[in-house]
Structure formats: C-alpha cells, structure tokens
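In what follows, chain A forms one complex with chain B and a second complex with chain C.
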Partner chain A sequence: MASVSFRGVNKRFGTVAAVRDFSLEIADGEFVVLVGPSGCGKTTSLRILAGLEPPSGGHILLGGEDITGVPSMDRNIAMVFQNYALYPHMTVRENVSFALQLRKLPKAEIDAATARAAAMLGLEDLMERKPRQLSGGQRQRVAVCRAIVRDPEAFLFDEPLSNLDAKLRAAARTEIRSLQQELGVTTVYVTHDQVEAMTMADRIVVMHDGEIQQVGRPLDVYARPANLFVATFIGNPSMNLVAPTADLGNGNAGAASAGAQSAAMLGLRPESLALLGDTDAPDLTLSGTLRQVEALGAETVLHVDFCGQTILARLPGTVTPVVGRPVRLGCRYEDLHRFDDAGRRLDG
Partner chain B sequence: MTVAHAPGSLVSPARRSRRGWWARTASDPRFAPWLYLAPMLLLLGVFTYWPFVHTFYLSLTEWNLNPDQPIEFAGIDNYDRLVGNTLFQAASYNTAIYIAASIPLKVLLPIPFAVFIWSLGRAGNLYRTIVFLPTLISFVVVSVVFLWLLNPLGGLIPSFFQQVFGWRIGNVLKDTSTAIWVILLLSTWKVIGFNILIYLAGLVSINRTYVEAMRMDGARDWTVFRRLIWPLLTPTTFFVLIYTVIFTIQQVFTPIDILTEGGPDSTTTNLFYMVYQYTFITFDVGLGAAGTVVLFLFLLAITLLKVRVLDRRVNYQQ
Partner chain C sequence: MVLSRSWQVVGHTVILLLCLAVLMPMAIVVATSFKPPNEVFRLQPIPADPTLRNYQEVFADRAFLIFLWNSAGTTVLRVGGQIFFAVLTAYAFARWRFPGHNLIFAAVLGAMMIPHQLTMIPIYILVAELNWFDTWQALIVPNLAMPFAVFLLRQHFLSFPRELFDAAEMDGAGPWTALWRVVLPNLKPALAAITIVLFIDCWNEYFWPLLVTETEASQTIQIGIRRYLEEDFADFGALMAGVTLASLPALAVFFMLQRRVMETFVGSGIKG
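After this line comes the complex of A and B, so read on.
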C-alpha cells in the first residue's frame, strides 16, 4: 500500500494535448475516481500511472518514490482493464497465478495465495475454466482476482464495469468497494459513469479536455460544483442553467434579483425544484408549460418549457401532473448556483 | 378478373405455363443445388479429379509420350521400378531435407522478424514493404539473377568474399555438398516476406491489452513472447507450417530447373522435379505417373499427420 502523486504531468500525442498539468495527491488506502466524458484524458492519466504510456512531462510518485521512468513490470501496480484482458489460452487458475509464477514463488505459496484470492471473489468453482467459458460478470471477477492476488501497492481500474448490464454493474460496484475497503489498497478508478464515481469514491476528480476541473468528496462536488462543466456533468438529470435575465417569478424577488444579477449564469438542480400550488410563495418561481412527464416509479421527471428552454424538475413518484398544462416550479434561494462569465462558481 | 391459384403454389398456373424448362429446373429443390455447384464441379472434374484418375491409370502403364506408341498395361511394375531407382531414392532423401530445413528457415525464422515489425506499430510499414518485395519478383527472374550473382567467374558474391575476406568460393551450384543449401536459402529469401506478412496478420489479431496486462503482471519481453504471443500465434504457425511443407516441394522446382537441373549427382532434385525428369526428360511416363501417385500419398500422409497431431495443441483465441 502506498500513496500516489501526480506532479505536473503532461501528455501529448503529436499536436494534441491529452493531459495538461495534472497534479494530484492520493493518500495511502484512498479510493479516487477519475471521471469525465470520453477523451477527457482520464484513461491516459491512468495509463501513465501504470507505466503503459510515458508522460511528456512531470513526475509520478508511488509511496514517495519517483517511478516516472520505471517500466510497468517493475511498478508493483495491478490493473483491471476495460476488456479485462484475461489471457485467452490460460485457465482462470493460470490467469490468477501468473504474476506469482513470474516472481518464482514456491508452488505451495502460489497455490495458497490463488485459493485465498479466488475465495474472496467466489471463483473456486471456475478455476479450471478458460475465459471464453465465463460470463461477463465472472470475467470481471477473475480480472479483479488477478489484480488482488499480487498484493500490489495500488489498484488501477479502467472502466471495469462498462461491459456489464445495469443490474450486474450495481452489484459489482458494491463488491469492488467492499473489497477495496477490506484490503485497504490505494485505488485509482476511471469511469465516465457518474453513478460509479459518486457511489464508490472517497474523492472524485472531474476531468475535461485533459485538465482537472475539480477534486473533492462526491457530495461536496455535487453540492458545490466549481464551474459550469462540473455542474452540468455531475448530477442526473443534469443541472438546469438559466440566464439571470430570465423571469424568475414574483416570490422573494428582491433577494433573488440581488443574487442573480451579479452572476452570468444561474444553476438549479432538478431535485431543488418543487411543483407549486396557487398560494405557495418560494424565493424563486419558474412558470412554464409542462411538455413531458417521465414517470420512473420512485420519481417523476417533468420537462417544463420555460422562456424557450427546457427545465427539468425531479419530483416524488406520486406527482403526476397533466402534460400541456401551465405549471409553476419554485426553489429556495440557497439552492441556486451562481457562475461568472468564465463559468466559475460564485460563492456567497 | 381473379385468378385461382393452386393450393400451396405461389405462382399462378398461367404464369407457370410460360416458364421454361430451365427456370423450372433452377427452382426445383432437387436439382437447384447441383445446378449451382455445376460450374465448380465441372472445373474440379476436368482439372483435378480426371487428371488424378488418369495419372493413376498411367502409373499402371508403359508409355513414352509418343502418340503413335500404344499404351501398354504394366500393372505395378512401375512402382517396383520406382522403389529400386536411385533417382527416386535421392529425390526422397532430398525432399526430406527440403522439408526439414524449411521448418526452421521458412516457418520459424519469419516469426522474430514479424514480431519486431509488429512491435514498431505504424513505423513497421516500411519494413513490411521491404520484406515483401522478393515475393513479387518472378522466381525465374530471381533464379537467373542468382545464377549470375553466384557465377564463380566474376559473380558478385564470389568476388565479394574474395575481396573482403580473401575466401575463394568455387561453383557452389556444382558442389554436391552446397548446391541444395543454395536452393534452400534462395527459396527462403523468396518466401520469407510472404510468411512474415501472414504472421503479421496473426499478430494483429492479438489484442494488445493482453501484452499490457502481462507487462503489468511483471513479464519481460521474452516471457511475453513465450507465454503470450507464441501460444496465441499457434493457429498462424500451424497454417504456415502446413502450406510451407506442402508448397516447398513445388516451389523449389523453378530454381532447381534453372540453377542445377536436379544435379550435381541428383543432390538437388526432389520428388516433384523427379516426376518432371522421368516424364519429360527420359519420357518414362509410367514411372513419372507412379512418382506422382507416391508424391500425392506422401503429401496426404503429412497433412493427415499434422491435422491429427498438431491440431490438438493449437490455442485459438475466443
């Protein structure tokens, strides 16, 4: 187990900058998730840490030791690949024990470590099968098993759940998180799925265009997005953005206007909005026409046409208004997110 | 007006009556498959199966290719004569050498070249072109060029060794101990680029994340090759092995004919060239046909042996 440090890491592919000035301190035993859209540089950063891509600049430290020039085979870092990369000609047992064989450990020790890791992942009955004889979920577990058997200083996960169906993905999220907490190994996990990021991470790192946008605990990032990109990327449905010039109703107009006028853009989480009755008088009011209702059971998402744009509101599943009718949505002033001209968050 | 259709028929009687014999036969499920297969069956019959049957017939006869000479039935005499013939014995021995030497030279040697070019990624395209060039040159041209290059009187290769190392190289094509190796090296040079390309196609099908995963597991280059690339390349190696062994016998016909004509002292002839020698040099058609049948059985045996023995050890990716 060891801490991981990225110090001013850059990576260029020809003229394209894939990662720019990436600096991050990951504590020993911490679970950090790099999250962002495709092409944001998260996988490249992970591969640089793995030693599979040389950085164009900067340094990588593992346990305080500079490993920038150390080849991947000498880093003692285990990685679970997106396609699992299980050796197709080897059985599960051979896949799992391969790294230990390379270390020339005694056979009894290899067998014991393999059996222990297999038991943790519930793979005892699959040990003599080839990868092609396994389901997607089983392959994913074998890949994790292959990573933990080595007792590495850090785990790297490159979108390991993207090939699983939704139900299996939810189960695997919990399994990986529990395993990491049990083993206490420093983990860097890459995903574009914000649900994975929010539910698994101690801290999330939101990336965009090769740069870190925000680092923080999941709920902090959600509650106080540093900029417009983070505000719209984290949260599902994503945050509504409204120009401060829009008609924000006749509720507590003075306070709302005072806050709104200093901002270039206002953000409202869909769950901050409530459907108003005729007599309700919230801080802010958005009046519009209901265009669509997504009844998801536990919740209902309303699509409201407001000043020529669509505003989403997430309400309890019991609410089922009629499409085409005028509706009033309201929210509290403290739920308003304000951003400046450059898209940066305005506090206060 | 409505037209009554027969039950189960998709075509009206009026329309069916207008259709000719050809259309009816082509749509009849009993004949249609044979009709579609007919062109290929005709070609195979005329150019493969009939010549094979006729060759077997000729192997039981005595004839000298003279149309005025009657073909006389000789039973298995030709096979008897063949087994006792020194040319057949020399050709069999040489064929074994050609095959045995082809495995390291043409099957195994291209692998490191292919892995090297593969590891270069896009930068390997230039090397790919360079190694493939000899394959594009006619073997007749290659043989004639090497005849000049190896000429003991002023040929480039003997002159080079004479001037650089001070070694006197005689006529390697007339030397019984070197002639077969010259032909082997020449044919290796000719096909190695093609085999490298086939191996490259096999390597491209190996997912590079396997290599990365193995590196993360702590494997170095040799281990990656031995434990990953070699096992996953076995289908390709198996294919190259089969066709190299089969075609190496035919492929060396041209250099044998141009460079040595089977000599010196029958040290470069093989079963394939021997058939030509019997049939078109000594005009002993029966013996040539018997040699062809033996060659066929030999290749059939090798193919079956390889399929039975080696196919079990091949690792195929999912």
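After this line comes the complex of A and C, so read on.
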C-alpha cells in the first residue's frame, strides 16, 4: 500500500492538451474517484499513473518514490480495464495467475495466491472456464481478481462497470468498495457516472478540459460546488441556474438579501425547491407554469417554465400537481449558490 | 438482400461451372493415376481396370522420395522462416513509431508490387556468388522476406485490442512475452490463413527451383516429376501418380489449417 502523488502533470497529444497541470495527493488506502465528461482527461491521467502513457511534463510519485520514468511492468500497480482485457485464450485460472507466473514465483505460491483471490471474489467454480464462457458480471469479477492477486501498491479502475446493466452495476459498486476497504489498498477509480463517484469515493476529483475543477469529499463537492461546471455536473437532475435579474418573488430586495446582486449567476438544487401553497412565504419565490411531471414513485420531478427557461424541482413522490397549471416554487436563501462572471463560487 | 428464384438459379449454375472447371482437371489426374498404360489415353473418366501399379512404380523410384524430402524440408523451413520474420516485422510496425517508420513500411508495400520475375536475375547472381547453387539455402534464404505476410499480419496486430497489450504490460510482460504469450495465441486464425497461402505457394513453386536446382541434392518434387516426361517416352500413369502424391501435402495442410481457422473464428471473441 502506498500514497500516490501527481505533481504538475501535463499530457499533450500533438497540439491537444489532454491533461493540464494535474496535481493531486492521494493518501495511503484512500479511494479517489476521477469523474468528468468524456474527453476531460481522467482516463489519460489514470494511464499516466499506470505507466501506459508517458507524461509530457510533471512527476508521479508512488509511496514517495518518483516513478515517472519507471516502466509500467515495474510499478506494482494493478489495473482493471473498461472491457476487462481478459486474455481470451486463457482460462480464468491462467488469467488470474499470469502476472505471478511472469514473476517466476514457485508454483505452490502461485496456486495459493490464486485460490485466495478467487475465494475473495467467489470465482472458485469458474476457474477452468475461458472468458467467452462467462457473463459480463463474472468477467468483471475475474478482472478484479486478476488485479488483487498481485498484492499491488495501488489499484486503478478505468470505468469497470460501464458494460454492466444497472442492477449488476449497483451490486458491483458495493462489492468493489467493500473489497477496497477490506484490503486497504490505495485506489484511483475513473468514471463518468456521478452515482459511482458519489457512492464509492472517499474523495472525488471533478475534471473538465484536462483540468481539475474541484477535489473534495462527495457531499462537500455536492453542497459547495467550486464553479458552474461542477455545480451542473454533480447532481441529478442538474442544478438550476438563474440570472440574478430574474424575478425571484420577493423582488430585488429578496435577491439583495441573498447577496445575489453581486453574482453573475445563481444556482438552485432541484431538491431545494418546494411547491408552495397560496399562503406560504419563503425567502425566494419562483412563479411559473408546470410543463411536465416525472412521477418516479419515490420522488416527483417537476419541469416548470420560469422566465423563459425550464426549472426542475425534485419533490416527494406523493406530490402530483396538474400539468399546465401555474405553480409557485420556493426556497431558502441559504440554499442559493452564487457564482461570479468567471463561473467561480462566490462565497468560498 | 434476398435474391429472386431465377437469380439464385443463375448464381448456382455459375458456381457449379466454376467448381467443375477447377475439379475436372484434378479428377482426370487422379483417375489417370489409377489407369493401366493401355487406358491412359481413353476418354472414359473411370478406369476400367484400376491399378496401383503407377504408385508402386513411383514409390519404387528412390529419387522421387528424395524430391519429396527436398520439397518437404525446404517448404517447412521456408514457411517457418517467412512466418517468423513476418511476425517480428509486422509487430514492430504495429506497436512502435520509430524514425523512418512510414518510409520503411512504404518500402515493404513497394516490394509487394515488384514482380518476382524482375528480382530473379539479381538474386540468381547473388546465389551463384555465394556458391549456393543447387542447395537448400538457394531455395529458402532468398524467399524468407515476405512483404505480403508482413502487410497482412501488421493489419491484424493493429486491430488487436490495445487493452490486451496494456493488460499484459501491467502484468509484467515485456514486448517479447506479450507477443508470444498474449498476441500470437489470439492470432491463430490469421497465422493459419497466412501459413496456408505461403505453404501452397512454396510447395507448388516451379520457376525458382527450376533455376537454382540441378540434381537430386536440392530438386523439389515439382521439378523432379518431370523425369516421367522424357522426350522419347512419357509415363503418364506414373506422372499422374506423382502429381497426385505431390498434391496431397498441400491439400492436407489446407484442410488441417482451414478447420483451425474456422474453429478459432467461431469459438473466440477477442474481447475478454
């Protein structure tokens, strides 16, 4: 087990900067998730850590030791790939033990380590099968098994759940997280799925255009997004963005008291909004016409026309208003997020 | 797309005619090899009095067995060498960018387009200078570089999933180990297909062995069976028996590896 450090890492592909000034300290045993949209540089950063891509600049440290120029095969880092990358011509047993065979360990030791790893993942009955004879979930477990058998200093996961169906993905999330906690291995996990990021990570790193946008604990990032990108990327449905000039019910006085006049943009989480009765008087009010209702059972999402834009409100599943009617949504000052002209959060 | 009934009939008729055009000469050769001398020039397709005399005659001829040995030995060594060098060359082209990468690959492609006949005379002179005339080396060494095989294998290497290279590297496999233990076992269909083509091409080659061989020391079976076709006497029965026997190894390799190609294509998916 070891800490991982990215120190000012850059990566250019020709004229395109895939990763820019990426600096991150990952503590020993920590589970860090790199999250962001496609092309944000998260997988490139992971591949640089794995040694599969040389950085254009900067340094990578593993356990305090500079491994920037160390070949991938000598880094003692294990990786689970998006398509699992199991060797098609080998059985599960051969796939899992391949790395140990290459280290020329004694056969008894290889067999014991393979059996131990297989038992942890519940693969004992599948050891003589070829990858093509396994389901997607089983292949994913074999890929994880292949990673843990080497007893690496760090685990890297590159969107390992993206090929699984929703139900299996939820189970695999829990399984991977439990396994990581049990083994205590430093883990860097790449995903574009914010649910994976929020539910698995000790800390999440939100990336966009090759740069880190924010690093923090999932709930902190959710509650205090550092900029407009993070605010809209994290959270589902996305945060509503409203110009401070919009009519917020209590008029400019309300906006002023919320400190909104100095902001270029205001943000409101859909779950911060409540459907108001005729006599309710919240800090801020948004009046509009209800255009669509998504009744999801546990919750209901309202689409409300407000000053020419659509505002989403997430309400309890028991609320089912009628489409086409005028509605009033309200929220508290403290639920308001304020951003400046550059899209940065204003209140720190 | 589903063809209409009439087009299906036309299509099948064309295929049938093509098959007949290919199979008829082979059938005549095989049938003649079982005919006694007095039936050789009769038009009947099936021998009236079939005999193994022609085969006995061929096997009794010690030189025929030597030709067979020369053919088998030089073909195995040549095809093995061609595959070995093609694999290494194609792997280098597919995996690494190095100075002159494109230029060298363009030269390989260019070499594919030069007719073999054009390079025969300089190679012949080289072989003579090396005193390799009438030796196995003359049949093997000048043919070891096979641009066509390099090109085909490079395409296969390029389409090989990058994640498997990456996984092998992370497991601790260097480029050599990755090639022999991960890449090649998954390219068996491609290797089998290329082996079939190279084997048949080499086994059936006539012109180059005719140029550089002279005696039983190196003459291959394709050259050797001419001995049944002398100016004053032609033993067509023995000749056809020799041709039939000479065809068998190529057919055997074809059927053996073709099954392998099909098995591997059907049975595997490269994505783990």
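List of remarks:
Keep in mind that, in the parts below, the second predicted complex is superposed on the first by the 339 of 348 C-alpha atoms of A that agree within 3 Å, B and C clash if a C-alpha of one lies under 4 Å from a C-alpha of the other, contacts with A are read in each partner's own complex, and residues count from 1 in each chain.
Note that a residue touches a chain if its C-beta (ideal position, glycine included) is under 8 Å from a C-beta of that chain, and two chains touch if they have at least 3 such contacts.
Just so we're clear, the structure is a prediction, and the values are computed from it rather than from any experiment.
In the three-chain model built by superposing on chain A, chain B clashes with chain C.
By the document's definition of touching, neither partner reaches A:V323: not chain B, not chain C.
Shared-chain residue A:A27: touches no atom of chain B or chain C. In the superposition on chain A, A:L52 makes contact with both chain B and chain C.
When both complexes are overlaid on chain A, the residue A:V195 reaches neither chain B nor chain C.
In the superposed pair of complexes, A:A112 makes contact with neither chain B nor chain C.
Shared-chain residue A:R139: touches chain C; no touch with chain B.
In the superposition on chain A, chain A positions 50-52, 71-73, 77-79, 81-83, 85-89, 98-99, 102-103, 131-132, 146, 150 are in contact with chain B in one complex as well as with chain C in the other. Those residues of chain B that touch chain A in the shared complex are 207, 209-210, 212-220, 223, 227-228, 231-232, 315, 317-318.
Note for the complex: chain A touches chain C at residues 47, 50-52, 71-73, 77-79, 81-89, 95, 98-99, 102-103, 131-132, 139, 142-143, 146, 150. Those residues of chain C whose C-beta lies close enough to touch chain A in the complex are 161, 163-164, 166-174, 177, 181-182, 185-186, 267-272. Residue ranges on chain A touching chain B, taken from their complex, read 50-52, 71-74, 77-79, 81-83, 85-89, 98-99, 102-103, 130-132, 146, 150.
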